[in-house]
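Would you mind keeping the following structure in view while I ask a few things?
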Amino acid sequence: MVERDGNPAPPDAPQIGVDEWVATHDVRREGGHGPLARIRRELQRVPTPGFYFAFGAAAALLPAFTTNDYILRVGFDTLLYMLLALGLNITVGYAGLLDLGYVAFYGFGAYAYAMLASPQFGLHWNTLAIIVVATVATALLGFLVALPSRRLLGDYLAILTLFFGQLFVTVYQNGNHISVLGFTRGYDVTGGPNGIPNIDNYDILGLKITTVRGYYYTALIMFLLVLSVVYLIDRSRTGRAWRSLREDPLAAELMGIPVNRLKLIAFAMGAAIAGMTGTLFAALNTAVFSADFDVPSLIIVYAILILGGAGSLGGVIIGALVVNVSLEVLRTPGHATYIFYAALAIGLVAFVRPWRWFGIVVGGTIAFGYVVHAIVSAVWPDGVAGSPAIGGPLGSFLDSWQLYPANPRTIGNVAFVALVFVCMLLTLLHGWVRWVALIPTLYLASFVWENRLVAEPSITRLILIGVILIVLMNLRPQGLRGTARVEIV
Amino acid sequence: MNWNLFVTELVAGITHGSVYALIALGYSMVYGILKLLNFAHGDIYMVGAFIGFGLITVFGGPLGLTVNVVLLLFLMFLCAMIGGGLTGVMIERFAYRRLRNAPRIAPLITALGVSFFLENGAQLVLGAQFQSYNTFSWANNPIGLNGFTLPAQARISYAQVIVVVGTIVLMIALTWFVQRTQTGKAMRATSFDREAAAMMGIDVDRVIVVTFFIGSALAGAAGVFNCIAYQQVWPYMGFQAGLFAFTAAVVGGIGNLPGAVLGGLLIGLAESFATGYLSSTFQQAIVFAILIGVMLLRPSGLLGTAAVQKV
Amino acid sequence: MLRRATLIASIAGLATLAIVASAVARPAAATASCSSGVSIGMLAPITGPAASIGADQLHWAQYAVSQWNNKSKVKLKVVQGDTQLDPAKASTLAQSFASNKSIMGVIGPAGSDEVIAASKILKKAGLAFASGSATRVSLTDGKYKGYFFRDVPNDGVQGPTAANYMLNTLKVKSGDTVMVVDDQESYSTGLADIVGKALQAKDVKVDRESVSQNATDFSSLVGKVTGSVKVVYLPFQLATQAQLFAQQLKAQGKSAIAFGSDGTFDSKSFNVSGSYISFFAPDVTTIKTDAAVVKAFNKQYPGGTSPFGAPNYVLAQMYSQAITKSCGDGKLTRAEVRKNLAKVSLGTTILGTPIKFTANGDIAGAKFHIFKIVNGKYVTVA
């Protein structure tokens, strides 16, 4: 029991009307004892902008540590996703409007930049002017899309915006022979499937940005600016009104909040941020294609937002880091293998309680592996003919512990399907049976990983993203940093 | 007027619309009960199609079928429906059930996760190649090439007949089930008000499982129907079909079963007439434009009742 | 509260680990040497809707490398870069390959858009990039001379060949109609444009249509094929789609001839008798000397192959030779690989035709053959 000023008396001194549960409320709220809890308590005292500042400082230092353009490029992409998620956070997180056409606004901004700063129409406007024009135009487009749909409720708005997104891709994909009602010749407006290449770089008041490093900083500055704006809006009257609208539109309306207008503003603001981000995207890539703005990008942005927790600004940062960085890191089979085993280990540490079962599971799995390996190498020598993909100590341990059939494809596929079923079964078991069943499951998971998934890193990472979404949503439906209930009515 | 073109487009639209309608039914049933947009539904359709393809392969492949074609078709439907249904039930049990009372967006994202998982899992296990039912060259029984001649010299193949008739049979069966059986009544009650239904002694969990089974079985059957008429099977086939079926369900009034069928047919017809009379390039755009129009005029769908907000 | 803490801790742990792992593992693979192994980067749509093409390209390249490693001293490795046919992803991955010092050359990108998106970065990094499927004419106009190569002939060769065959042999006259259907990808629209223009120049009416690559049903489009339509040109990337189109033409009793492009060249999937098809080489699956290779490939990667797969096998072979030659002096640089790749000349390939590059990186002596499908078999007619 931590004795603190202003706390109620400890529960061993009985009070009238205060039972033990109430008396210990503060301690539970504070998160218990120990150094970890203390650190957390101290962290909670730091005002929220402090974290954003810390993030900005850390991110600004990244280029100092690396000269690797790839790492900077991933950092840039992550910042782009953060910007997109910030915009979506306004629409979905604050106002609770399910916008499934969001990346169309992103694409609209990118194409706007491409058309105004490329040989496509021979235009080369000033960068700042284009950013302003693109942002305002996207906001207007968002306003127009939201205008007829403001009376639509949740799912209908979702479907309408989904169509809008599809419509955008179709029109831009085929926009190289647009004729006015079929009377004129076809004009090439969007470059069609060939996109618009040779786009100018950002040129801010004479400062030409041509390197990845430059774009990284530009993205960071843009992100921090937008973040501060969104943070301030969140704290303002409008922000509070949005949240009340999200929690209960009916009650909000009764309180005299202009629901329709707020919805429109939220939609347009989200769109504007996406449009602005689009100009940055176009400038770095120096080419835009409609394929970049299709549903897969939408899913990634939603995954980031929801993973971090809709309605939370810090969640946006964490979500984008987790999703985009892990998507990139998982590309390389060597890294992926280490991460796979590390994730298994962390998962075991976090979830297997009490500790003695943790010991039994880990020890049991290792013993189980050696036994299986010994039996198989005696009975079926082909079953250990292969070797692991990674070297080092982990590799040599795996070689003597795991099975590596000579032709792993078919057996790996069967094992993969079996693993899916076994994992589902595992969630149905309880008590010690579950821990015992976990032992062969872990071995099977390692077998599938080593023999099938490692060979197909591109597919594996998408499967893992799917699994992470399912598991995380089941464990923590509000996302990592989300607190408020986000209800889409 | 070119009647041949008109009838051809009509036949094409109804055939394709039937497939959409079957998928849309499942979407609508699940939505009616859980208010969940099950994005993984299109992938169950893919699972059904692959089960059918597996059976063709087991029985000697399209060019050397070793069993009677009627028997094969029957087996394909049976297995695809059972397999699709079980997949749906498993998804419900292990991915959605814990999220019944979570914020609505959580199961939505889970559904996206399931969809990712199924598509890429299928690519891992089955490969990315387009496979073909090749129904047009089934041994001695070219159900795709032969057929009836309709007025104005338009033709309808046996494959298309199978799709349309099969869809009608399944719909009649579904209507009977929902309207006449005890479980069907429980389903309607649950979809009307889950809590009240639970209070009346209805085992809501069981009803939801049954709903998922039936809805997914219909999607599985749709997968086989689709490939009998249009042949191609590949791991990502569910996405586009799911999107259109979802549209169909919304246009008809989501949660409303006759609405789903109407929506499916409407989309199929809009698609084929847009191709036939306007432009194939902007086919999708035209379909979407029509739908946006419908939605703006009747936000709750053609047959849907106006949404009642529960406070 | 506790659960939340553990979750956040585990995520944080994961993120830290990811960063540590990438920091630790990258220097280990930072350099390539002839003795310890050389990597080739592969940019292809390995997953996503175009996976049927990309996964096949990857498999052929991997197969070539595994064959090579069995008999050669210099060991090669294929590093996967999954672009999902998204140019922006191709650009990020190009950056990744540029920074990965063990990579000495790139196979891909698969699509012409992706080539444009990735070219700047790859060129700056001094990497050669050789595509087995990007056929847009403008890619070899000299902009990427010495860097970009392809072992498939470009649309400027194929389009006119197909159009001329329609005019001269299939007797398409002025006043007749040809329906040209693209699949809304740049490969397809490029070919469709060229063929359309060549036909219009001879006063042939062109009915230009397009279908999404996700389309499954063509019966409504087939309904538009009237009696005056002599030929339907199908520059698709998927043989199964061309097959369905041709079959539905027959099912509806239309007399128009289906005419496919190299993307549909697959006798297993596209085999409706009476159709025509253009391809720059004899049929891989029917070449006798290739039977063993194809069989071994199918054993390792079951499920069939696409026409854009095998060119990547040849590219991997060419890279193997270029890298081995560069290793002659024990040193290896990207510039050296680039120069040697430009000089590689293969006398016999599984494509059935000798392959070497022109100065601009195109395939030398590119010529298209026309095949007619007779009883499901491809027969060379021109």
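As written, the chain order gives the labels A, B and C, with residue 1 at the start of each chain.
What we mean here is this: contacts are C-beta pairs under 8 Å (C-beta built on N, C-alpha and C of every residue); 3 or more make two chains touch, one makes a residue touch a chain.
Predicted model, so just to flag it, every value in this text is computed and none were measured.
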Other chains in touch with both chain A and chain C: B
Chain closest to the middle [Cα centroid of all protein chains]: A
Chain B and chain C, separation of their C-alpha mean positions in angstrom: 34
Two or more partner chains touched - positions in chain A: 174, 459, 462
Multi-chain contact residues (two or more partners), chain B: 120, 123, 239, 281, 284
Shared-contact residues (touching 2 or more other chains) in chain C: 47-48, 184, 210, 302
Interfacial residue positions of chain C with respect to chain A in the complex: 1-11, 13-15, 17-19, 21-22, 25-26, 29, 46-48, 79-82, 84-88, 91-92, 95-96, 98-100, 112-113, 116-117, 120, 136, 184-186, 189-190, 210, 300, 302
Touch list for chain A against partner chain C, complex: 28-29, 31-32, 36, 40, 68-71, 73-74, 77, 173-174, 176, 192-195, 197, 212, 281, 285-287, 289, 291-292, 296, 318, 321-322, 325-326, 328-329, 331-332, 334-335, 338-339, 342-343, 346-347, 349-351, 409, 457-459, 462, 475-476, 480
Residues of chain C touching chain B in the complex: 47-49, 51-52, 54-56, 181, 184, 209-212, 214, 216-217, 219-224, 238-241, 243-244, 247, 250-253, 269, 301-306
Complex interface listing, chain B residues touching chain C: 4-5, 8-9, 11-13, 15-16, 120, 123, 126-132, 136, 144-145, 147, 153-155, 157, 160, 226, 229-232, 234-237, 239-241, 271-273, 275-276, 279-281, 283-284
Complex contact set, residues of chain A against chain B: 92, 98, 148-149, 151-156, 158-160, 162-164, 166-167, 170-171, 174, 248, 250, 295, 299, 302-303, 306, 310, 413, 416-417, 420, 424, 427, 452-453, 456, 459-460, 462-463, 465-470, 473-474, 477-478, 485-489
